[in-house]
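The same chain A turns up in both complexes below, where it pairs with chain B and then with chain C.
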Partner chain A sequence: MSARAVRPKLSFLGVAGRHNRVPSPYPWLMPVILVMGLFYLYPVVDVFRYAFTDLTLLGGEGHYTLSTFANVLTRPELLQIVWVTFVFTAGSVVGQQLIGLAMALVVVRAEKRHLFGTTILRTTALIAWVVPGIAGGIIWKMLFNEAPFGGLNSLLRLMGMAPVQWLSDPDVVMWSVVLSNVWRGTAFSMVVMYAALKAIDPSLYEAAEVDGASARQKLFFVTLPQLRPAILVNMILITIQTLNTFDAIISLTGGGPGRATEVLSLYTFNVVFRNYDLAAGSVLSILMLVISLGLALVYASFLPKDEKA
Partner chain B sequence: MKKSLMAALAAATALGCLPAIAEDLITSDRVGPSDAPKKMVFRMTGDGPSSTDPTWAAGYAKLYTDFINNHPGWQLELQMMTGDISQEQARMLEQAKAGHAPDCAAVDSFVLPLFKEAGVLKSLSPYFTKEEIDQLFPFVRDGITGKDGQIYAWWWSTDLRVLYRNTEIVPNAPETWADAKAAALQSVEAGMEGILFNGSRYEGTTFDWLGNFWGQGGKLVDDAGKPVFADADNRDKFVKAVNYYRDLVESGAAPKRVTTIGNYDDLNAAALAGTSALFVGGNWQYRQLQNAMEPEEFAKWSFSMLPGITVDERSTGTGGWTVAAFSSEPEKVEMCAALAREIYMGPANALQEQLPTRADLYDKYDVFKSEANQTFAKALKVGQARPGVLIYPEISNQIQIMMGKVLTGAATTDAAVDDAFKATLDAYARL
Partner chain C sequence: MKLSTRDRLGDFLSYVFMAVMFVFFSWPLIWLLSMALRTRKEVFLGVARLIPKYPTLDNFSAVLTSSQFPVYLFNALKLSCLSAVGCLIIAAPAAYAFSRFDFKGKGAWMLGILAFQMISPLVIMVPLYRYMSRLGLIDSHFGTTMVYIALGVPMVTWLLKGYMDGIPKSLDEAALIDGCNRLSVFIRIILPLSTPGVASAFIITVIAGWSQFLVPFLLITKDSLVPIGVGIFQYAGTQNASTIQVLAAACLISVVPAIIAFLALQRLILSAMTAGAVKG
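Showing the complex of A and B:
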């Protein structure tokens, strides 16, 4: 075989001809494509494939069917679980965003004034972030323990206040779970907001001061508009993260009492690992993916055009 | 010259051997020499050298050391399970189906049918005599035997649920539900929390409560394994048993926080803190309380059979752990059977005072002649194991959800029971 015959076949590998100076990108992209395909795409494809079957963890080959979709999406408990997921996600995202922003503002302000304790504040918040979800759940379970020796209720009693049914009252338990999740996730929002605050051009504040803007006006007309892209990106990230949270809930309440704190991710986990229903779990995973993508698109539509590009 | 050379060689050999001599035979994840040519992976619960109870840990360390010394050339790689047994067992089943299971593992008796059905276990029949198998309690023997008559695990311990009480506050053992409620209210008047039991999303919630349903003659599944717990024959008994717990909470005989209890340690903690005088627990907790309490404090505690709707309608749930082999190498299956036999079939029962599954072992070990263990053994006679059917985990899951709704007042008993039954039947149809 002549060299001329070989050359065109090898060109896709980046073997440039004498006059072709532009190397092919494929050899450089192949490792990434392979890794992404193997570790990210293949499992996703498998989940879609399982969703169209009746596979269980108990054995058997399974058959292709659409009945799993119909069965899962018409379950009477699904609506309640989606509602619980919405409340948990909305509460957590709003809480993490607001407190994270407030903490970042305090840290930046304190740094400007060279106040003592800013590093301690940042480090303390970050400690909560690095605590694994299961451990965080156990810590909060001890704090919320409603026994006479429970953490928070003992403090309330010391202050002469009535104990709270943190985990046994269906109307309170969701907010206890949100509180524990906000505690854990706020540090991430703080770090994102802190970085974005540091990137704001100081001349904008100088101009606002020249115009006689008050601190409140500077916050609403300079800081927040400048933070908008960071806030939206942070919202996307923490929404997806919160939708996938189940480790902290499983160790704190197990989804109970009843189904009061059973979010979609925990329900999916239960369906797969307690009902052994792999196909139904796959359908629920696709539902979670659709919800996450839908919310991400909604957030992204609010991004300024130039940031999107 | 020759002598000096020999001495130098001897010294070098001795020095070379030092690390091996100094090496611990037991580490947190290994038993036996690290360079042993043969290795068996054993996935285990806390019933081993890593037990949180120092006495048990030391006892197991000795048992494992003796075992590995009896099997030169072997090392055991120990893999610890977490406390979430349902998840651990489901994951192990999936691993087994994919061919990645450990060589040998602890399998909870209530999920053993799933492993047998999946065909992932190796027969242990060649390694146990007919006499040993015949000594097993019938429900145990049935549980480990496959359709082909082979045994696929060794069920080494069993347990049961009882009612613990502080005799200083509750002197007499409650025998009926009405007695239990009265005793709990009496303890509340004495400044206690009332009766405690598992009531959250946890397998123990279902299992500890089922005795109240079984005691009336209720059945969870029919002979074909189909859920029947709320059909025409059983619904009334089921609702009565649920309403017993509901009444305890609504009357103040039990605190509402029972819906957050999902761990037997929480019950021990309340007993140790002196905030509860009455709780539904497992027989193994008797030894735990003894180890954790001062002798004069422990002397106040006693236990009795779970109360029933009447004195004659009482039952209790019995469970336990098995050891099963997954390896495709016969040598490792034999080693797994040896582990079950030499460590768990008797010695571990005696060490932890975990009730044996063989009638003859009650006479062999003195610890089982104690009054407490004789009482446990007597209660075993009305014990009932969870049905070995594929749908059981979902029945349990639905009972846990139902219990949460009922005890918090989020749903009426009838509505919650109907929801649970319908959800279980739907899941059964998909199996």
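Showing the complex of A and C:
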């Protein structure tokens, strides 16, 4: 600890005399501090302030009040919104993590065996990932087109199956939205899992081999425990990303039918920018922040202790 | 011998899995391309005309010669390039300080910057929309660019810091001995050596800016100023089943630049994206 702290200072003493002061970092950080302060910190503080007012986007100064909080949190639709958000997030995160991990495992194996097609698969998945959210929504809307010529229904018909009401059946639509989100997001998890797999010390596998471990045992007792930190970090990242997803849903379903796919971010958007209710939107924004932070902390508590340091 | 049959079975299963995944990831894009190449009649034939009998480029020319789409594309390019340049100018000095200086609370500063990324852009847009309309920055590319920059700065700072960490400190020290000050070390030595890192940060920010929807959707109302993300959303809202092929062409045109930029720098971008997650 102390040796570590001293070393940089010594290296400075070794340098020419007039440069032996440690330079202040703040002039260098100033642009970032200014931008982040103006565009993140100040607005977030203001969100907390607005939440205690009755401000609207229609003008006026508003008054300080606690009733917005009470009003928003007791809205009858809020429970439904939170449930929809939960299903969407859980479905997307689990799907992306599982498929991403499976793809990474298969790709690593296939590369070892010099199988054909790993690069094509990886690149295709990554192309889906680069597609902007709005375009992704539009593309999937074409696929989910419920007319007989729709991109999925005409496939189903070709295979002799009944068409599915992908976007108009309130019981199906959520899974359609999750499917489209898994399509767009999985590549990220795949890449993270792939990099983590590559970073596992090969001697662990050699040792398992010597002990006569089967492939399944190697997966459960070597690979998965070694991947644990990477899986948790990845889950934090994709959970937050999914909670904030907004453009892919607004262009695919717009939140409908009814409120079947209206997630919290879309609801917040509608409250502020369609109903002009700035104060209520601020309360919802705080709710979003609290949920993100809470989930991140829950995941982080599963990280091995030495990883936190 | 037994091992090899087993390996062969494993190979077979790997191929099956990879094929299924390939179909899943490529089908939407293949469908988009197929639709974009069809005539209006063939749209109604569904999957039977996956490869159109009478392929046409009319849909693309209809999009590209329309009055709005070239403007949307230009606006998106302008906003994303300007914001990428802005991001680099703002983040590079901070990245240098994080990479080279030892100061109190450095770890906390870096984590703090990263933590901002957890905040949904929607949350900050709620008050920002109000400030911007008071400042008269609605319908201004300047205001929109500034918000893009703020959204991109955390990641660019981390990316550049990671890249600069790979440049030996002895170069700085040698230059300091030769009488350079910190600023000229940064400008004359570190920045030129960071070119690959700067390039990948630039491309990533451009792709992110190209994909932006929420910020310009709220801050830009004039049709002649909106970027492609907003333009195509509004266009999609006015379309019906009989013009789906034109929408597909428009969608493809809006997606392809991002894909090309990504593919060109795939390796750099991937190593940058995963570094943070794997290191924890």
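We take it that the second predicted complex is superposed on the first by the 274 of 309 C-alpha atoms of A that agree within 3 Å, B and C clash if a C-alpha of one lies under 4 Å from a C-alpha of the other, contacts with A are read in each partner's own complex, and residues count from 1 in each chain.
The rule we apply is simple: a residue touches a chain if its C-beta (ideal position, glycine included) is under 8 Å from a C-beta of that chain, and two chains touch if they have at least 3 such contacts.
Please read all numbers here as calculations on a predicted model, not as lab measurements.
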After lining both complexes up on chain A, report clash or fit for chain B versus chain C.
clash
Does the superposition put A:A260 against chain B (first), chain C (second), both, or neither?
first
Which partner does A:L167 contact after superposing on A: first (chain B), second (chain C), both, neither?
first
Taking the superposition as given, does A:A199 touch the first partner, chain B, the second, chain C, both, or neither?
second
Looking at the overlay, what does A:N270 touch: chain B (first), chain C (second), both, or neither?
first
Which partner chains sit in contact with A:I120 here, chain B, chain C, both or neither? Use first/second/both/neither.
second
By residue count, which of the two partners contacts chain A more extensively, chain B or chain C?
C
First, second, both or neither for A:L158, with chain B first and chain C second:
second
In the overlay, answer first, second, both or neither for which of chain B and chain C A:L57 touches.
both
Can A:F149 be said to touch chain B (first), chain C (second), both, or neither?
both
Running through the overlay: 5-13, 23-31 or 131-139 are the candidate stretches of chain C; which one clashes with chain B?
131-139
Show me the chain A residues, by the header's touch rule, that chain B contacts in one structure and chain C contacts in the other.
57, 145, 147-149, 250, 272-273
Sort out for me which residues of chain A touch chain B in the complex.
54, 56-59, 71, 75-77, 144-149, 165, 167-170, 250, 253-260, 270, 272-277, 280
So in the complex, the part of chain B that touches chain A is made up of which residues?
84, 86-87, 90-91, 93-94, 97, 114, 117-119, 193, 199-202, 255-260, 262, 266, 269-270, 273, 275, 390, 393-394, 397, 400-402, 404-405, 407-408, 410-411, 419, 423, 426-427, 430-431
Which residues, counting only chain C, touch chain A once they are in their complex?
7, 10-11, 14-15, 17-18, 21-22, 24-29, 31-32, 35, 43-48, 89-91, 93-94, 96-98, 101-103, 106, 109, 113, 116, 118-124, 126-131, 146-147, 149-151, 153-154, 157, 169, 173, 176-177, 179, 182, 207, 210-211, 213-214, 218, 229-230, 232-233, 236, 241, 244, 247-248, 251, 254-255, 258-259, 262-263, 266, 270, 273-274, 277-278, 280
Partner chain C, residues of chain A touching it in the complex
8, 11, 14-16, 19, 22-25, 27-29, 31-32, 35-36, 38-40, 42-44, 46-47, 50, 57, 99, 102-103, 106-107, 109-110, 113, 115, 117-118, 120-121, 123-128, 130-135, 138-143, 145, 147-151, 153-155, 157-158, 183, 186-188, 191-192, 194-196, 199, 229-230, 233-234, 237, 240, 243-244, 246-247, 250-251, 265, 268-269, 272-273, 278, 281-282, 285, 288-289, 292-293, 296, 303, 307
